[in-house]
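Below are structures written as structure tokens.
There are two complexes below, and they share chain A, which is joined by chain B in the first and by chain C in the second.
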Partner chain A sequence: MIQLLVNSVITFGLIIIVTISFSFIYKVTKFFHFAHAVVFTSGAYFTFLFKVWLGFPLFIAIPLAVACSTILGCAMDLTVYRTLRKRKATSLVLLLASLGLNVVIQNVISMVLGDDTKSIRTGDVQVGIEIFGAYITPTQIGIIITSIVLVILTAIFLKYAKFGKAMRAVSNNPELALISGIDSERTILYTFALGSALAGIAGILVALDVDMTPTMGMNALMMGVVAMIIGGVNSITGIVFGSLLLALAQNFGVWKISSQWQDAIAFIILFLFLLIKPEGFLGKKIKKVSV
Partner chain B sequence: MEYILHILILIGIYIILTMSLNLLAGYTGILSIAHAAFYGLGAYVAALMALQVHTPFLVNLVLAIVAATVLGAFIGIPTLRIKDDYFVIATFAFQVITFSVLNNWVSFTGGPMGLPGIPQPNILGLSITEHYQFLILVVVLCAVTFFICVRVVKSPFGRVLKAIREDEILAQSLGKNVSLFKVKVFMLSAGLASISGVLYATFITYIDPTSFTVMESIFIISIVIIGGTGNLWGSVLGAVVLVSLPELLRFVGLPSSIAANIRQILYGVMLVIFMIWRPQGFIGEFSFRK
Partner chain C sequence: MRYLNYFIRTVFVIISIILLSCTKSDELEKTKTIKIGVILPLTGDIASWGKKGQNAIELAIEKINSNGGINGVRIEALYEDDKGSPQVAVNAVSKLIYTNKVPAIVGGIISAVTLSVAPIAEKNKVILIATTSSAPAITFAGDYIYRVWPSDLLEGSALGKFAKEKGFKRAVLLHLNNDYGISIAKIFKKNFESIDSKILADEGYQETNTDYRSILTKAKLLNPDVIYTAGYYEDCARLIKQARELGIESQFLGVTAIEDDKYIQIAGSSAEGVIYPLATGFDLNSKDTIIQKFIQNFRKKYNYDPGWVESHCYDAFMLVYKALCNSKYEITGTKIKNYLDNMGIYHGVTGIIKFDKNGDVIKPVKFKTIQNGKFENLEK
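Up next is the complex of A and B:
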């Protein structure tokens, strides 16, 4: 029972970073950036590259990898999305392009580094520390602390930094923002940078806990999308609730049925939310059509 | 020769898949990434019927179509109310759930081990074992699908679909029951997709869930878009190009270990490039730009 609770907290910590990073990009650009999945994966694989191939110690490899993921995310925006935005592409076109990008980069990773599971863990398998009869490894404690710190930092940053305001302005109305002297293209680029950095960190955290495969990103991203939709797109509180609900449902679902059904549980919840309350449980009602 | 026939048969299977999705994506403007789910459903229904109940091919074919159409209604009626991007996510969810069921319900679907030894088709006493015979069967079913699709898109029904694609509210204001039309075309598309599933299962004689993943769905929608949306010949062209192109690469001497990656990179790159410069595809007419 307590073990399930501890597991839920770990899952929650991972989901919330992905969800926040994804929802930033969604809020500002209004399309589902599926290629976020490979940015997430790339964080883990860049760390692997720097640590195992180039022999850097882990504390240097991680910042370098985060920087590389950030560059990857920004490069996607600069090359593909910006061009599409200039051509007034709809969100569906952007979504399709991001699916294409995701397929390409995921396959490049699996071609260069192989499809097998790679590890950046050091030393032997960690024996968990016992807390109230539940086991938790030092890495997992690290995950929880990192995610709490990151979420609080981003929340503060968005609330008080000028960039946070610019982001909200662009999200609300890009043209009006432009008229008020906000460079919306640059704001979008910075949003991609911030989101990609967070996604890269999340990828590294997952890899430290349970190793990496080239397809790990899609799964993580879908959890992020599910959490974002059930939480309601427009509020951080909603996203926190959504991630929490998803983490609890996944881990406590396993209590009754076997763990292979975790994905199915998540998506059935998503399906129900899309049907019954598509604006999420803290979101405001969206206007259905505009002529 | 066997090899060329093999590829021609695969092309035929993909033509059916692409045309059926084109009805939905190209003609009605509804983007779905759940087509591999219906494709897989057809394959599994046919395989399970043939293996467990020993029913003949034609019965399995009809049953698969019925099953996919009914499931299409079940999925379509609630989800088609959801608007653009969220509908894509809903179909994505359905695709993942389907894969999860195929992969995890081991006692029924064989799970990751798949279903081996699916009998080859036997139509009214005529058993189809050779590649060329199978090609004839595929061509016939392709032609039937093409005929159905042409009749649908040239009919008043098809014109309403195009109207929905261009301006949903206008179509509604002209008294068309938009959601009913959407559900109907979704069911039709699902039913037709299951035909290729049946063909695939009986041709390869082995199926496992990895043939019906999200990636497969993305591949199918890529063919529709690259070939041309809202044009059936575009779907034929797309399927021919995108299925045979990776096979050509094999002659260049690429090792088969990376052939699958190269194939996916190829269509991924094409999808991005087409989205930027030609979102309606080679010979299409609709570009998801409302």
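Up next is the complex of A and C:
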């Protein structure tokens, strides 16, 4: 029982960062940036490159890798999305473009580094530490702490920093933000930077726990999208609740239902929320006011 | 603007002519070699096996062509990547059959692929020799469908009986949710269950899953003394690694598929002590001269020792060659079938091969384990 709770917290830690970073890219740019999945994957693979191919120690490889993921995310915005936005592309077009980016870059990773599982774990398999009858490895504890710290930092940043407020302004009403003197293109670029950095970190955290494959991003992102929708896009607290609910449901659900349904549970919850409370857990219904 | 249009159209026409003339010369090329189709997972989760198979087949081709090929004509393999996916395999095989018109296809490595492409081969009277597919359903897949690897009925039942005889009483089965995993788990169950030995749970997991904590927690709470992982090397390796991290101490039983370096690489020290069956005549320590010669040639060319993937792919390809040698210039699936059905015993690098009326083979089963990071025979 306790083990299931611990497992849920670990799952939560693994998906929360991806979810939050995806959600504010979505809020500010109003489209599903699917290529976020491959930015997530790239964090892990860049670390692999730096650690295994170039021989850097982990504590140098990781920051370098996060920087590279950030550059990748920004490059996507600068080259593809910005051009499309200039041509007044709809969010559907941007979504398709992001899917395309995802497929291409994921396959580049497969081509260059191979499809098999790669590892950046140091040391050997560790038997977990026993706490109240549940087992958790030191790596997993590290992952949870990192995730929680990052969530709190992000929340503070969004609320109080100047850039955080700029992001909220652009997401709320781009034209008004522009008039107030906020450069919305620059804001979007910085949003991508922050989001991609977080995604890169998330990818590294997952790889430290279960190793990496080129397709790991899509899986993680799917869970993130579900968590975001059921938590309500608009508040970080909502997303935290959504991710927690999803993690709990998946881990406890497997207890009673056969484990083949693990992924299906996530999507069934999504269906239910979309049918009953589409604005999410803590979301509020937005009423459109026309002038 | 008009001129631009004309220009583009002319360029288009020129390019089409060039492309058409390319295919024309391909037709001429065709008569110079005999092409055999090969489907392997060259990329994807089990790419390690695809590469091994390709190495073995390349060695076979080298040997065949240096001996004069088939009645003086060189043999060539047309490789298609099935990515370990049945859907991709169907496309690959369709191309080999309809576009390249091969008489035989060597592959697939995994049962899901073999089962998905068997109907196409059967319908078009193209021979399919599966190299390492073990699902029992393949026995009934068709008259043109053969395999050099025994059915899971052999591997699964041998292991189930072994576990029962060793005194294990409480087993949990974790199987990959596909044709192979589901059926081999069922066979193990049938052979393990008795008055004393019970199956506590039989849980399936998806191929895309990498986090098995929930399924393992469930297993742990049932307190089994033995856990059987029925999947491929990556997922089985993750299962045993995460199980040890969760403090599960049960004995782990694996499938033949775990005999791969990647398994030890991913699982690390958690792989120690896992026991698995090997249902093949191929053995690095065999005193058989044919097997030893193959091992030496392989080592010389590739600088590493061949394993069960390489040896079976080699035999499968050699069988096609042998059949075509005896078919008097008629390069068709039906001719190959006639040979395979009536060939009696073939002494291959995986031991004695004799196809039964369903195109299946019988092989001896032995048990192995992992000790000090190496695959070793299990001492009784």
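Just so we're on the same page, the second predicted complex is superposed on the first by the 282 of 291 C-alpha atoms of A that agree within 3 Å, B and C clash if a C-alpha of one lies under 4 Å from a C-alpha of the other, contacts with A are read in each partner's own complex, and residues count from 1 in each chain.
In this text, a residue touches a chain if its C-beta (ideal position, glycine included) is under 8 Å from a C-beta of that chain, and two chains touch if they have at least 3 such contacts.
What you are looking at is a predicted structure, and each value in this text was computed from that prediction instead of being measured.
*Asks:* Here chain A is shared; do chain B and chain C fit on it together or clash?
*Replies:* clash
*Asks:* Which partner does A:3 reach: the first (chain B), the second (chain C), both, or neither?
*Replies:* Touch status of A:3: second partner only.
*Asks:* Of the partners chain B and chain C, which touch A:263 in the superposed model: first, second, both, neither?
*Replies:* The answer is both, since A:263 touches chain B and chain C.
*Asks:* With the two complexes superposed on chain A, say which partner A:119 touches: chain B (first), chain C (second), both, or neither.
*Replies:* second
*Asks:* Which chain, chain B or chain C, ends up touching more residues of chain A in the combined arrangement?
*Replies:* If we count touched residues of chain A for both partners, the winner is B.
*Asks:* A:80 contacts which: chain B (first), chain C (second), both, neither?
*Replies:* first
*Asks:* With both complexes superposed on chain A, which partner does A:211 reach: first (chain B), second (chain C), both or neither?
*Replies:* second
*Asks:* Does the superposition put A:130 against chain B (first), chain C (second), both, or neither?
*Replies:* It touches chain C, and chain B stays clear.
*Asks:* Would you sort A:63 into first (chain B), second (chain C), both or neither based on which partner it touches?
*Replies:* Touch status of A:63: no partner.
*Asks:* Which holds for A:250: it touches chain B only (first), chain C only (second), both, or neither?
*Replies:* After superposition on chain A, A:250 lies in contact with chain C alone.
*Asks:* Have a look at where A:110 lands relative to chain B and chain C in the superposition and call it first, second, both or neither.
*Replies:* both
*Asks:* Looking at chain B, which part out of 203-211, 221-229, 239-247 or 275-283 clashes with chain C after superposition?
*Replies:* It is 203-211; the other listed stretches have no clashes.
*Asks:* Of the residues on chain A, which ones does chain B touch that chain C also touches?
*Replies:* Correct list for chain A: 110, 258, 260, 263.
*Asks:* If we count contacts the way the header does, which residues on chain B are in touch with chain A in the complex?
*Replies:* The contact residues of chain B facing chain A are 31, 33, 78-79, 82-86, 88-90, 92-94, 96-97, 100-101, 103-104, 168-169, 214-215, 218, 221-222, 225, 258, 261-262, 264-265, 267-272, 275-276, 279, 287-290.
*Asks:* Spell out the residues on chain A that touch chain C in their complex, using ranges where they run on.
*Replies:* 3-4, 7, 10-11, 14, 110, 114-117, 119, 124-128, 130, 135, 137, 209-211, 213, 215-216, 219, 250-251, 254-255, 258-260, 262-263
*Asks:* Once bound in the complex, which stretches of chain C touch chain A?
*Replies:* Its residues touching chain A are 43-45, 47-48, 177, 203-206, 208-211, 213-215, 217-218, 220-221, 234, 238, 241-242, 244-247, 262, 265-270.
*Asks:* Quick one: which bits of chain A touch chain B in the complex? Just the residue numbers, please.
*Replies:* Touch residues, chain A against chain B: 31-32, 80, 83-84, 87-97, 99-104, 106-108, 110-111, 218, 222, 225-226, 229, 258, 260-261, 263-264, 267-268, 270-271, 274-275, 278, 288-289, 291.
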